[in-house]
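Okay, so here's the structure we're looking at.
In order of appearance the chains are A, B, C and D, and numbering begins at 1 in each one.
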Amino acid sequence: MPHQVFARVLSNDPIIAGHQVITCDAPSLAAEAQPGHFVNVLTAERSDPLLRKPFSVYTVDRDRGQISLLYSIVGATTEGMARKRPGEILDIVGPLGGRLFQADPRPNAAHIMVGGGYGVPPLVFLSRELRLAQSEPNITFIIGARRKDLLLCEAELIAAGVDARVATEDGSHGISGRVTDVLEPLLLEKSGLPVTVYCCGPTPMMRAVAELCLRLGVTCQLSVEVAMPCGIGVCMGCVLDLTDGRRVRCCVDGPVFEAAEVKWS
Amino acid sequence: MTTPNTAVKIGKLTLRNPIVTGSGTFGFGPEMANIVDLNKLGAVVVKSTSREARLGNPTPRIVETPSGILNAIGLQNSGVDNFIAEKLPFLRNYDVPIIVNLVGTEVADYVHLAEKLTAAGGVHGLEINISCPNVSHGCDFAVDPVLTAELIREVRKVTDLTLITKLSPNVTDMVLIARAAVDAGSDALSLINTLIGTAIDIRRRKFRLANITGGLSGPAVKPIALRCVWQVHRALPNVPLIGMGGIMSATDAVEFLLAGATAVAIGTATFVNPTAATDVAAGLEAYLVENGINDVNALVGAVTQ
Amino acid sequence: MTTPNTAVKIGKLTLRNPIVTGSGTFGFGPEMANIVDLNKLGAVVVKSTSREARLGNPTPRIVETPSGILNAIGLQNSGVDNFIAEKLPFLRNYDVPIIVNLVGTEVADYVHLAEKLTAAGGVHGLEINISCPNVSHGCDFAVDPVLTAELIREVRKVTDLTLITKLSPNVTDMVLIARAAVDAGSDALSLINTLIGTAIDIRRRKFRLANITGGLSGPAVKPIALRCVWQVHRALPNVPLIGMGGIMSATDAVEFLLAGATAVAIGTATFVNPTAATDVAAGLEAYLVENGINDVNALVGAVTQ
Amino acid sequence: MPHQVFARVLSNDPIIAGHQVITCDAPSLAAEAQPGHFVNVLTAERSDPLLRKPFSVYTVDRDRGQISLLYSIVGATTEGMARKRPGEILDIVGPLGGRLFQADPRPNAAHIMVGGGYGVPPLVFLSRELRLAQSEPNITFIIGARRKDLLLCEAELIAAGVDARVATEDGSHGISGRVTDVLEPLLLEKSGLPVTVYCCGPTPMMRAVAELCLRLGVTCQLSVEVAMPCGIGVCMGCVLDLTDGRRVRCCVDGPVFEAAEVKWS
């Protein structure tokens, strides 16, 4: 259940240009967090900016009671996060999210993660949980980025033995192009298997992935990226239109939806 | 010192403490019941409910502004029948007054809603929203004392629940509308609803809200809300007021009580701190104890120059 | 690309850029001339000037609120004769339009002021302040279209200087007042003056301003001010508007231009950054260059949904 | 002339509980600042709190182009100052103040400083300037505080050879009582000499000092403590009523006034 935690910062280090990972002591969050969960962070001490900002849970260490967030420094909240030093307090509300990634339960399923930008961390969490839950799950992880220096988590995934594939828009690493340029042949490659695609990233990327999967008849779960003013289901500021005509809240009715459910505007 | 009295009266209702929830900022209960103990609140005011279900406005619906937010939700709700069938049963489990906020476009809508909700059982008060800035005609009543009086008079005829009229600050003279509502039978007044504002994205040269304008709430509006409460209290000292607008802390709540509010609503603050309402209730009690005040009612309107 | 045109017209006046100073936030010139080059401004709007000297309200006169300030200065000034004798000669040294803000309690006061200031020479425009919330009767004109029209008509008779009416946001319908002022001969409109608010010190249980209420300005009010500009521009697209309310940066200024302002005033921002007005002017020019816009007038009202 | 300086912080260290001294590189301010000048500091990055806050100039090192401020940590701005580390930037507008302390020019004058709380730093500056300008000026410095641990600058004054006298309200150091309990006998002690009292501190203290000086016919300069919303003379928020009926601005018409001029409300 969502609750507020004043979490002690344990480390807060740059990983690539403009991106950091902040790790905190937060046993209650570590105990509850599942892939797809996000937390709402407040760094302002007064009322400007007023609202918390959402961040996906990146890593969870349940034994030590720690969680970490991977963030891109873009505005007041993330600048405030970047200034936190070990020992200081991070004000977090979480875990948030009502519908999370659902690992495909079929025994020989191929799990394909497609992540871009700060969509990568929740999928890294998902693949870690999959590896904990199943022996030798069949995971392929496609990471998209504009340039090589904006690529997140590749080394980490490789070190964990995940089949990581990369698409950069400028071709500076991996395939030159978009994640769908990697995904389409990959889906053919895996065509004998039950396949689920899990996707998180910028909306245009998710839309392209969703449309590809729908066209090819592949199950696809998306964690949508929508501003979350409250994160707890009461402001109605995060709504998404579904193909069945319903207008739902991404925070508590999502953030994960099936590709077929989402009505793109 | 003994525990101070925190109970206040709003019309026929006795609230265990002066802290209620702002309509539209607390949903219909279930989400928040996971986070706060509803029985520690003075009352739960639920999101505006209309005759038919409403999808509300397109997105984006909320944008941040300095110390505030603009919202243009557009009264999304699943309609009164769904409320009674699906939402009210949950709320009946709690020992807290339930106040339903009503919205319509014609007098008949409000009358219909009031009748249904009165008959439903388990609803303790009705907050008549005549002041939503985010739908066309949303403020037609609130800016006109004659229309306001007519509306309240008709609703009054069909219900003996406590009637609270929610006023708009987007008017020249709130006292005029307040008096009209009270004379027509409103037991109490809620103030303020949001102030009309807008924001523009200079990169795209477009409005930041799909609806163009929205309602401003949060700490930015607190000075205005506080002035409205003081003005209306001075004019109508015997009418219980539910003050709201930017209340984030017990300190803010005390300011509103001193200005003349009998109760206060926590709105936008809940988005920032989900336990804001119960935190403020606890903080208010602590303030009373620290200052040796044995009845919260002693604060109401007690500000001096 | 060549340097973009930044000049705009407000009535008969050509401003070298759209950035002017907010009355009451820039003094009468000398203090600020030590800090910024007045010749880099579109115009200098001086503090409200009245027939007789005024001492203004007792202190405290300014308190901070979230993202804003409340002021209750009460129009302290040394009177029009002193202005003409002591302050105007200094301003005549600069190559920048001087706009004098007038305030009075009766039509005759404004007429007297307008005559004197027109005769004085070196004054280029008159801003008619009908909207000061910090004195009794300060807003009587601004809330009434008939009184506003009568006032502007009488002032119009005695001056051919550019007349700008400064509107209050504390009204139900600004467009009504705007139209009345323009139909009566106002060449342009300034909006918005401050919103009425208050603040309470809960320790002393007293109002924080000696005057009880004050006018809210600063970033907190920006969304409201922007909405007012857009509403009035939409109704009166050919009337030049001077937009103001919480402008702190060139980004904010562009928002106001897009909403329909032809010029913008920098008020409270000057308290925070003394060079705010010239910084905004420079930032606006940079925005034009970066976006390949060769005439600032192309931005005016150019927002889309 | 007032101007904005983005001053690099050189050091920022606690001196007594809840009080720090921040020293910055600010050659233009160091060149212009005189005793009684203040500066307006902004630490908020967004608009809450909106206004700058005033701080008296405490020390000036004109050779090195440095100034320092001594501040008591009480709210958002001073908390923001306390967080500044060497190398970070402090946003300052100054020097501010139109009428400053005027050292009594009479050759054998007795200079008596009376300071309380953060009224002490500008008087320390004044006594330092006096010692630079005159050989062996006759300075007595009365410091008032509630308790010994709130006493500012005593060691520093003694080290500089200044005759420092202390009054604490609880008697934990120096005389038990108020600064006027030290000042009154001191004025008798100095009665053969031309005397000027320079005073800065909480308003009740200044009023008591002013009234004592007026009663004994001693010249007294006060640096008044009034909120300074703009500090540059344009907001009219800092006005003070004078005995001659004028209502003047403390920022540019002060902050230093003669005791006889001030009308106490």
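As a convention for this text, a residue touches a chain if its C-beta (ideal position, glycine included) is under 8 Å from a C-beta of that chain, and two chains touch if they have at least 3 such contacts.
In this text the structure is predicted, and so the values were computed from the model without any measurement.
Undergrad: How short can a path of touching chains from chain B to chain D be, counted in steps?
TA: The least step count works out to 1.
Undergrad: What shortest step count links chain A and chain D in the network of chain contacts?
TA: 1
Undergrad: Using only Cα atoms to place each chain's centre, name the chain farthest from chain D.
TA: Chain centre farthest from chain D's centre: A.
Undergrad: In angstrom, rounded to a whole number, how far apart do the mean CA points of chain B and chain C lie?
TA: Their C-alpha centroids are separated by 34 Å.
Undergrad: So how far apart, in whole Å, are chain A and chain C when each is placed at the average of its C-alpha atoms?
TA: Here the centre of chain C sits 48 Å away from the centre of chain A.
Undergrad: Of all residues in chain A, which are in touch with two or more distinct other chains?
TA: Residues 46-49.
Undergrad: Which residues belonging to chain B are in contact with no fewer than two other chains?
TA: Within chain B, residues 66-68, 218-220 contact more than one other chain.
Undergrad: Specify the contact topology among the chains shown, as one of line, ring, star, complete or other.
TA: complete
Undergrad: Which residues, counting only chain C, touch chain B once they are in their complex?
TA: So the residues of chain C in touch with chain B come to 65-68, 70, 143, 170-173, 195-200, 202, 205-207, 210, 212-214, 216, 218-224, 226-227, 230, 246, 251, 254-255, 258-259, 287, 302-305.
Undergrad: Mind listing the chain A positions that touch chain B in their complex?
TA: Residues 1-4, 42, 46-52, 93, 226-227, 229-230, 232-237, 239, 247, 252, 265 of chain A touch chain B in their complex.
Undergrad: Residues of chain A touching chain D in their complex?
TA: Result: residues 44-49, 76, 79 of chain A touch chain D.
Undergrad: Can you list the chain C residues touching chain D in their complex?
TA: Per the stated touch rule, the residues are 24-27, 31-32, 34-35, 47, 55-56, 58-62, 64, 66-69, 71, 73, 76, 218-220, 248, 268, 270-275.
Undergrad: Give every residue of chain B touching chain D within the complex, in rising order.
TA: Checking each residue of chain B against chain D gives 66-67, 219.
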